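In what follows, subunit A forms one complex with subunit B and a second complex with subunit C.
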Partner chain A sequence: MRYVTRKVVLFVLTFWAALTLNFALPRLMPGSPLDAALGNLQANGVQVTNAMRDAMAAQLGGAEGNWLSQYFSYLGNTLRLNFGTSFSFPTQTVSHTILQALPWTVCLVGVTTIIAFVLGTLLGVYAGWRRGTAADSTVTLGATLFSAFPPFWFGMLLLYVFAFKFQIFASQGGYSPGLTPNLSLSFLSDAVQHSILPAVTLTVTSLSGWVFGMRNNMINTLGEDYVTFAEANGLRSRTIALLYAARNAMLPNITAFGLSLGAVVGGSVLVEGIFGYPGLGNLLYIAVLNHDYPLMQALFLVITVSMLVTIFVVDLLYVRFDPRVRREVIA
Partner chain B sequence: MSITATATPPPADGTAAVTGGPSRLPDGLTPILFLGRALRTLWSNGKARIGLVLLVFFVLLAVFAPLIANHSPTSTDFVPYQNPNAENWLGTTGAGNDVFSQMVYGARVSLLVGLSAGILATLVAVTLGLISGYRPGPTDEVIGFITNLALVIPGLPLMIILAAYLPSRSVWTIVLVVAFTSWATGARVIRSQAVTLRTRDFVTSAAFSGERMLRIVFREILPNMTSLVAASFFSAATAAVMAEASLEFLGLGNPETVSWGTILHFAQQQNALLTGQWVLVFAPGLAIALLAVSFTLINFGVDALSNPRLREKTS
Partner chain C sequence: MRGLVSARGVNVVYEPNRGARIWSVRDVDLDLAEGEFVGLVGESGCGKSTLGFALTRLLQPPGRLDGGSISFDGTDIASLSGEQLRAQRRNGFALVLQSGMNALNPVRTIGHHFGDILKAHARDGDDYTRASIRRRGGDLLEQVELKAEVLDRYPHELSGGMRQRVVIALALALEPRFIVFDEPTTALDVMVQKAVMNTIKSLQASQRFTALLISHDLGTVLEATDRLLVMYAGRIIEDKPSAEVLTGVHHPYTDALLGCYGDPRAEVVQLHGIPGMPPDLSTTGGGCLYADRCALARNGCRDSVPQLAPAGSGRVACFVRAPAPNARSKSADPQTEGQR
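Right, the complex of A and B next:
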């Protein structure tokens, strides 16, 4: 139980630190982000009203009151999910904009992360088991190359080949223009069709971490005494690889799973932007292009918090996979 | 995210991570000799050899850019939107720049950002990792908490926010932003190694003879984990090259800089893919990927140094 208690305390502390960081970042920057933002807006031909100025001041610093009172009103607003109004989408609140985009990213990133995890882990097990063979070299070098592709660049190449040259897939958006999002079969198939290119991009470019991690873990585990013992007992090599080595080699990868979700959300910023996919990443992309600081700030918070929650859940689940964690803490 | 084996902690007995031999360098051994020995060991690893060749290629490209490029990278004298031809080997941009010359000069920026952000991030990682591993208790807890925080906050969004707020737009801004966001993985790996070395006899004897903590940490413990430091450097450098390209692609860099990222940025702005100028997109991305590949391949060799089980049997 102490493992869980410790994780809960750490989670709460990290959560608070992330909130505070989000508050402090614009205020610690040299110069005045508020003036910079307002200047950028005016340069882009946006009429800055007093209400907008006040709303931005509340988020970026420079508002009435001292830091402490600003901090507490920020915490209060954040806990009530009140992030003000963005400039990119003036007719709705920031939380509304984010809530609309959230399911898209959760589906896209969730599915691609799971596919990449399963595929990469299997490839890694195979490469580690068959190390030194041509198959191992192919998998390792291939994964090295794919991991080095900037995800947004790979997406652009796919766009060029499959959307412009051969027009097999749609180039932009999460669904065909004119449709309203709903749960009907025709809409869902349209959405899946639109998500294939971004999904392939994210899967391919995030695969390698699993391959390398799993390959190295496999090699380490295959060198353990209990594996040698199993070999001496005459067990089939495949049985040893899958039932003896792979199960234990997977443990570090499970911890990494939580972390990688965040990396994929991060990597999906530009990929969603390239494909105009209606998720959180695309919102951040738009926010950066429009110098929409309130939206940026809220998105950063949402992305960070969802990451924290995921890691927390994975940490708790880890106890189920690795009984040693429970015992170590008791001892 | 670290791409290589750094996620795997080295064997608990610690001996495996020692690059070999005594904990302190013999007095006559200069750093240059040491570097030479390290390079020779790396060279014996097939993957690392390819990586080193690639890296040397890019370094030569960057150093001799004025001799290799046949035009000025900033000159806008050419007919815009040209496809590759005899004069402009990779075509021209919408502003009339020669893309080949921009590619050659772009190697300078990517190498500069990759290497300097890698060095900065590694310095932070080594300092925090060593101290936190050597000082259990409150110091370790606090540094560990900060490291975990830096690890779980999504890197690219944080970089984007930082770069969007910073008023000055130079290559060094990007170096700082990248270094600030990519030290955590290395710090964690180095910490766990420092923990296993802390109770060794040579460290204890140094502590009993009254050495200060910083001296023990940097002179006694650090030389035993050269390969881990190198691994965290190459991971950070890879991340830096990718991050620089992403930030500049978003337009968060200095648009005056000639770099692979800005070539991609302007290619996207001028809809190069729609107009069929795919070379404008393909070339800089491939260069970024190859530089990242070279760092990753070298890291394979470094990993094999720190973990004998990963060594290639044929060598």
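Right, the complex of A and C next:
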């Protein structure tokens, strides 16, 4: 139980540190949301008057009081999920904007991360088990080739071939224009149809990391004495490959998988951008372009928190995969 | 007479992707009788473990058998592979590895280890339920003086001595007739070493399996075994009843090995190392490979490879200590070298 308690305390502490950093960083950066907004207006040829300036400041609900009182009102607002109004989408609250984009990213990037992990791990196990054979060379060569594709380049290639040349898939967006997101079958199939190209891009370009990692771990594990001893005892090669070699080779990859699941919520700025996908990555891009501080701050917070939560969950689950960690539980 | 295990002209070569090939075991002939307990000693890198792995068909690339035959109870096992080889491991030959942490799968309980082995060799009519596996595992653990509760433990929850005992119990699960013990006590402290060796000795005495004990510790081997084999640079250079090793005629290398041990009761202990370095095993030249370190080396020693020949109560491969038959073997020698 001490293991869990320690992990919970650690989680709360890091969570607080992340919140505080998120508060401090924008205030340490040069420029302010007000300057940015006024700059925008000026750039569009609007003459900025003092009255406009004051009105703008009031509308942005700018900083009142000293840092300490700002800090506590920030903490309170954050815990109530009140992130204010975004500049980019003035008719919605930030929470609403983020909640709209979240499912798109979680479905697209989450599913592709899982597919890439499962597929990559299987290929890596296979290549490692058949190390030195033609099958191994084929897998390794293929993975090397795909790992050399930059995601945005591969995405554009797919767009050109499948959306422009052959027009099999839609080129932009998460669903056809004119539809309203709902859970009907026709809408879902439309969404899936739109998500195939970005999904393929993300899967193909992130697959090779898992393949290489797993293949190398597998080869290391196959050199372990317990594999030789299992062979000496005449275990079936399937048992040795899966329960002795792959089972142990997977341990480092489980942690890595947890981290990449945590990073899912950050979306993929480049790929979502290329496909005009209505996810968090695209939102982040828009926020940065518009100096949209409330949106940015909230997005960073969402990304940090989901990362922390995933690490926390993986830490707890890891105990199930590696009995050696359990020793701490007993101690 | 051919024994339970019989090797003829066994060569093992390591072929790295780059660099020289290493002949780690060279033209080894070996006969082990049913129920015999034989020791195999030599310095690090002399090929003793490699020979043990070859005899149990566990060589891993880049090492491989390069010629020679190994028969187990009349079956040539050198040419077997895959399922046929796997089938031979039930009531066949087993290997007990030196167990630091690593001979046991860290994420499986000891009970699972037993289950994996027993299920892998289940035949029609065998009924391996959870209960029967636990019963059998408990019995085997009892044979190595461990309690059945060890079945529920993970390897990291056991001490080094307990792990070594578990490895022995696992090797016994298939009721092998021949067991190679590869440095079974090396990683353990002296007291535990003694206890584990006693267990091995009493198991061998009661179950009468043929055992080959590989060790660099001459004292341990002499205490436990019936017969001693000394290996140098991939060849067996002496073969003698263990009881007579402390007396009689020896290969000069064995003399030097014996000089490395002190008598703890002596007032002044004088230890002698062996001068020089072990030879480069990528060389294929003829001649006695010990000649460069040997005080007795003469002109003819580097011309051809000495063969095992009777000397005193055993056999020695030395032109000086067992001269007569080796004079004849000179002519036969280019032939064996010609295989490469």
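What we mean here is this: the second predicted complex is superposed on the first by the 285 of 331 C-alpha atoms of A that agree within 3 Å, B and C clash if a C-alpha of one lies under 4 Å from a C-alpha of the other, contacts with A are read in each partner's own complex, and residues count from 1 in each chain.
In this text, contacts are C-beta pairs under 8 Å (C-beta built on N, C-alpha and C of every residue); 3 or more make two chains touch, one makes a residue touch a chain.
Given the structure is predicted, the values throughout are model-derived calculations rather than measurements.
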Please indicate which partner A:Pro323 is in contact with in the superposed arrangement: first for subunit B, second for subunit C, both, or neither. second
Per the contact definition in the header, classify A:Trp16: touching subunit B only (first), subunit C only (second), both, or neither. neither
Between subunit B and subunit C, which makes contact with more of the residues in subunit A? B
First (subunit B), second (subunit C), both or neither touched by A:Leu243: second
So subunit A touches subunit B in one structure and subunit C in the other; where do those two contact lists coincide? 132, 223
Subunit C - residues contacting subunit A, complex: 56, 58, 60-61, 86-90, 94-95, 97-100, 102-108, 116-117, 120-121, 154, 156-157, 167, 170-171, 173-174
Tell me, which parts of subunit A touch subunit B in their complex? 10, 13-14, 17-18, 21, 25-26, 29-31, 33, 36, 132, 140-141, 144-145, 147-150, 152-154, 156-157, 159-160, 164, 208-209, 212-213, 216-217, 219-220, 223, 252, 256, 259-260, 262-263, 265-267, 269-270, 273, 284-285, 288-289, 291, 293, 296-297, 299-300, 303-304, 307-308, 311
What residues of subunit B sit close enough to touch subunit A in their complex? 1-5, 7-8, 11, 47, 145, 148-149, 151-158, 160-162, 164-167, 238, 242, 245-246, 249-252, 264, 268, 273-274, 278, 281-282, 284-285, 288-293, 296-297, 300, 303, 307, 309-310, 312-314
Residue numbers on subunit A that touch subunit C, as the complex places them: 132, 223-226, 228-236, 239, 243-244, 247-248, 251, 321-324, 327
